[in-house]
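Next come two complexes built around chain A: one with chain B, the other with chain C.
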Partner chain A sequence: MSRAVKVIVTHRMFFPLVCLVLVLALNIIVTVTTTGSAGPFFQIVMTNGTLNGPLITILNRSSELVILALGMTIVVSASAGADISVGAVMALSGAVSVWLLGYGQLKTNNYHVLTYVVPLAVGLLVALVVGVICGVWNGFLVSKLKIQPMVATLILFTGGRGAAKVVSDGQIPKVDVPSYKWLGSFIQDSRGDNLIPIPTPIFVAAAMVIITVVVLRFTALGTTIQSVGINARASRIVGLKSSRVILMAFVFCGACAAIAGMIATSRIGGIDTNNCGKMLELDAILAVALGGNSLAGGKFSLSGSVIGAITIQTLTTVLYSINVTADQLPLYKAIVVVVIVVLQSPELRPMVRRGLAAVQGLGTRKVAER
Partner chain B sequence: MTITHTAKKTLAAVAGIALAASLTACGGGGSDAASTGAAGTTGTTASGSASATAASTGGYNLVPKDTNGDGLITVGFAQVGAESGWRTANTQSYQDYFVAANGFKLAFADANQDADKQKQDVRDLIQQGVEVIDLAPVTDSGWEPVLQEAKDAGIPLIVSDRQLSVSDDLYLTYFGGNMEQEGKTAVKWLEDYIKANNVTDPINIVHLQGTIGSTAQKGRSKALTDAAPANKWNVVYEQTGEFTQAKGQEVMESFLQQGKDFNVIYSENDDMTYGAIEALKAAGKDPKSYIIISFDGNKSAVQMVIDGLIDVIAECNPLLGPQVGDLIKKSAAGDKIAKITYSVESFIDSTNAAEKIKTAFGS
Partner chain C sequence: MSHHTDDTPRLGGGLWRGLRARFYGNNFLVLITVILFVAIYLAGVIIYRNKNFGSLNSFFDMLNSNPGLIVIAAGMTMVLVSGGIDISVGAQVAMYCMMFAFFMENKGVNAYVMIVVVLVTGLVFGLVQGVLVAYFRIQPFIVTLAGMFFARGMTAVISPQTIDITNKQFMNLALFKIKFPFGGYTNAGGVYQTPFIYLSVVLALVGLVAVYVIMTWTAFGRSVYAVGGSEQSALLMGLNPKSVKLRVYVFNGLLTAYGGFLFCLFSTGGAVEKAQGFEMQAIASSVIGGALLTGGVGNVLGSFVGVLVQTTIVKFINFNGTLANGWSSIVLAAIMSFFIILQSVFTRLRARRE
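Entry: the complex of A and B
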């Protein structure tokens, strides 16, 4: 029995899951205090063709973060640094796609896209290409020019949003074609009724997770990335193309940012370059850390990062809804994050164990003295 | 030299305000009369609900005049930046109005929401020798040295859109909207609506606030917070949506999942209202079954009033150019100008939306 407990407690996923459970518990407590029972939190009801419930909302809202966390995990693992440009890349790819979809008609229509100039698929594909190009640029700086990831991606962190503003003329262009909102809300038929009652972002995030996990598990890529992250030089001597692996990690991260950007722009049906993906890079890095991944690179756990991302979103949602006054919100978030990160500290557990052992030792000695 | 003389003072002032640099998103200020600026409803003669407070002119004797004799009054406009559709429309109204045909010339300076840059912008305008300066300040404090420089240079200065916390002998007049009055307009509309429709259900309000600390948020929130207890309204949720659609939507979603009932949404700008409506739709609720109160009056929002999605918008018209022009002309003609000028506040609901959409700003 105690061995089983030990296996569970020492499992890599134990602490990330405990954190998620804690935050979910907080959410349930809030639900109980406002409605008198925990039922509403787990309730999922069908209203007007949409499945509704707190759990759906949380999953839906965490989609962007889950996708960003996938890319961030790979970058952290391969390069031992973070890509802080993902939020800006979201805005830039979103801005370019809206600009292309409404090419030439934006100014005349008061920054509204009334009809697509190019098919939606082309617009989304171009957004993806923008993300990939940003990734290539970041990856080039890090892998070829050996610039620290944080510094290299700082360029797009500041410049990317600026470029996005240039593309969108500093306005908030809106897309009025209904199909543009499918990616961020529900896939609908021509009458505006939902064909699938579950929000599309959940499917996109799930697909991204599955594809990434399958590719990394069933090819040598996962091991290659970890090996490069642990020791790039040794990996190169063994015959792995370390710099190319790092480059590809950033490209993947850029693509993830572009997909997250598409969802975010689709949600509001337009591109708000000032706010799209704002501060999300930090949440993405936090998701990786919460997932029990070392920010020093090397071994990584995708499922940990996904759980980390959902944890952050659950926390954000509960803080919004318990009327924590807005200016105090970051403080509460920080407190919870500090607790979670401290819980995961590798130094803490041995310390606690030693402390417990000392207390126990004291007890047994007293018994012996008697 | 004046500039080096005051440089130290300015540096100290600048350091003090640096943190407060990122206020309002909606911007603020405006009046119903803006689009019909020539109708004589502006300035001290404003009628209706206009409130114009006259204070002592405090030893400020400068008036606009054509000092260089080119027949035009050159107006230097120090603008905040292009932060929102409201701001863009605001800039556009200055650029459209201050042209030779109206007896003006415009020198435009865009601060990109940077308070330090804006102080430099005003100095540049002084150097250029403009004849009037209109300042729409990024932040509300630390302006004394710059305003003193303008005064020393003999250039009258008008503060527009956002008020400054400086002695009022440093500027000619403040002109702009009254955010609290806008809030009161919305609250009054709700009171009237409840009376007219004999609403007996308890009123439970979701309050989507603007960026905390911005002039627009403070004024609009105060009106609701003051009125709620007296009317026995419950504010069930209160949270900032930071004047953006995305945040408004996310915050609304989190309220919807917590399960408390509400029937009124008080959203402090149009963008957050768009987000709230999206969130209601995504939750399978019908936005039409809620009383939705919004602020500003963008064209899309007015369309939503026509479509029955939004019930009322307390207007915040950005087309200030013509009204400021009127003030300058009056002052130049020797009229006494009040220290603070607010203008007529109005609202848009189903009764007048079809008319209002013709002159609505933005997109």
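Entry: the complex of A and C
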């Protein structure tokens, strides 16, 4: 193996990028078999002042997951566990903000918000606050009471969605004010013309990525989180407030879930508490793992997780195009997760070595017998 | 129990020491649960006295609607004692229900053959999860989260449509009642209501006792406690923690399939959304019943009391009649938080004492 190849293959972005390329290749193959050429997959056309095309759709649809993956990466790194409540927090924060936007008029208008009771910005801010509160609760259980992260977040995983249902009276409240849909589709002027041709979620996701990367890169925070994740006790002895770092990780994750929830509710113009963020928790964990991050905590790569999130959305797209239904998707994703974690397992290498040795041993013994 | 010798003569010192030993002993959490159950049940009997809350029928209702949970909570306790967790049980139950419904209704497979097929599937499911947890050292949560998604997805692959079970053999099992000659009440229409339990409850209690016996009086059961308490010490004692863990997950897979069968006897149908949040109910039952999430401590019979506490609360919500269905999961989450925090405080107190 020449040195250049070795450098490329052992680079930490190699694995995530290979996965992305593989899934993109799958998409191209499916496009070729259905339309006869790979062209349609790369086509980007301008219609009604918006850019359209499979690639734009994938980027657009992956926005929520990219944002969730940011929060999840930090939680995994700092706590060596995962936050499995993100989907429920999305639903809860969405439900609370819609409830506030249509406060008092939901029941009389058959669960439609016709005019905002409070400004949209307040509604979104409240959603963010709900996410932060959920994050504080999760973080408190993990960092102060020393409960395993996934058990602690299991509480909101169940209770959060129940609370969302109670807030929205078990209905699917819709918001009929046009500006509500801006966050999930395109920013429009007062006449309903699209001002910017690129879907808003892409901007939000990009902004979140840039802010997170800048904050973690240019302050000691990134290193602090990794150090706590590698050894919380040692970090505390060195003088870092380990429990506060873990708490902040969960708060950030909750905030990310709330922002993802805002986009998801804006996309459909209302809050469907049964389906908002449903089964996204595994996708977020999968994105982190696909990004080449160890689920055992410590060192992390945000860019890896972002690529992981886009890979998952690309995989979802290809599965949908071969007629897999939304309910069946988890089956395939579960298989991908298992393959990745097995490949990551520190036990795999010795196991393979032992297996090879056994095979070789068999060979040499045969030779000796002869 | 006491490591310190207290030389100061004190009035009632023996009683005090005994109480303290009891307080720090592992059965203290179970004791709290039993008291809690008796208290809320009596409260229900008093508050809803004109709705026959206190009748034997009402008590049997709680068992009749939860045969699957009784068995699966027992299995969950075993997994928690081993230091693991299994959050795939709800999705697995959905998958087994769908298997029963699809193969019996659409393919005409014999009900008894299906019972065997489902039990074997559970065994294999547990085996795969067990190998990943024990031999590849992947966190149980990640493995069983993947298992949960796999089973939920598989349910939709078997059939995206809801299927109701009408198979005669199966329905005969499902509707087999054991009637009790006493404890009933006469309803508003003047008809005497005979209390009864379904066959599935008897099967569930047999499963519960079997798990209790295995966990308490067999070498395997004791080694599960040892491995969950401290893997290092178990290793030094000459146990093989990997093999113990593997067997725990295999056994739990079998129990989940058995519980899925009992759940199906009650719900008699298959649907993708079946048994949503069931894993939480099972974990909550174990935790309420005194199982520590850190492993090594847990009581199988306690998990049964946990099931009773939970179903009583659900009963409260149903009897109230005005609360939305989201409330039961909120209340469940609240009880779960209460017990988890209690455990955390309890463990810390005990650690400080040692």
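Here, the second predicted complex is superposed on the first by the 322 of 370 C-alpha atoms of A that agree within 3 Å, B and C clash if a C-alpha of one lies under 4 Å from a C-alpha of the other, contacts with A are read in each partner's own complex, and residues count from 1 in each chain.
Here is the rule we go by: contacts are C-beta pairs under 8 Å (C-beta built on N, C-alpha and C of every residue); 3 or more make two chains touch, one makes a residue touch a chain.
These figures come from a predicted structure and were not determined experimentally.
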Partner chain in contact with A:Val238 - chain B first, chain C second, else both or neither: neither
Is A:Ala220 contacted by the first partner chain B, the second partner chain C, both or neither? neither
Going by the contact rule set out at the top, does A:Lys174 touch chain B (first), chain C (second), both, or neither? first
First (chain B), second (chain C), both or neither: which does A:Ala25 touch? neither
Quick check for you: in the superposed arrangement, does A:Thr34 touch first (chain B), second (chain C), both or neither? first
Using the superposition on chain A described above, determine whether A:Asn110 touches chain B (first), chain C (second), both, or neither. first
Between chain B (first) and chain C (second), which, if any, makes contact with A:Arg61: first, second, both or neither? first
Just to be sure I read the superposition right, which of the two partners does A:Ala357 touch: chain B = first, chain C = second, or both, or neither? neither
Taking the stated contact definition, name every residue in chain A that is touched by chain B in one complex and by chain C in the other, in rising order. 170, 325, 327
Using the touch rule from the top, collect the residues of chain C that touch chain A in their complex. 85, 87, 132, 135-139, 141-143, 145-150, 152-157, 160, 272, 277, 280, 283, 293-294, 324-330, 332-334, 336-337, 340-341, 344
Can you list the chain B residues touching chain A in their complex? 82-85, 88, 209, 212-213, 237-240, 242, 244-247, 249-251, 253-260, 271, 274-275, 278, 281-286, 299-300, 362-363
Over in the complex, which chain A residues touch chain C? Could you list them? 81-82, 84, 141, 145-148, 150-152, 154-166, 169-170, 279, 281-282, 285, 295-296, 325, 327-335, 337-338, 341-342, 345-348, 351
Touching chain B in the complex, chain A uses residues 30-31, 34-35, 40, 46-50, 52-54, 57-58, 60-61, 109-112, 170-172, 174, 185-186, 199, 264, 267-270, 272, 274-276, 316-318, 320-321, 323, 325-327
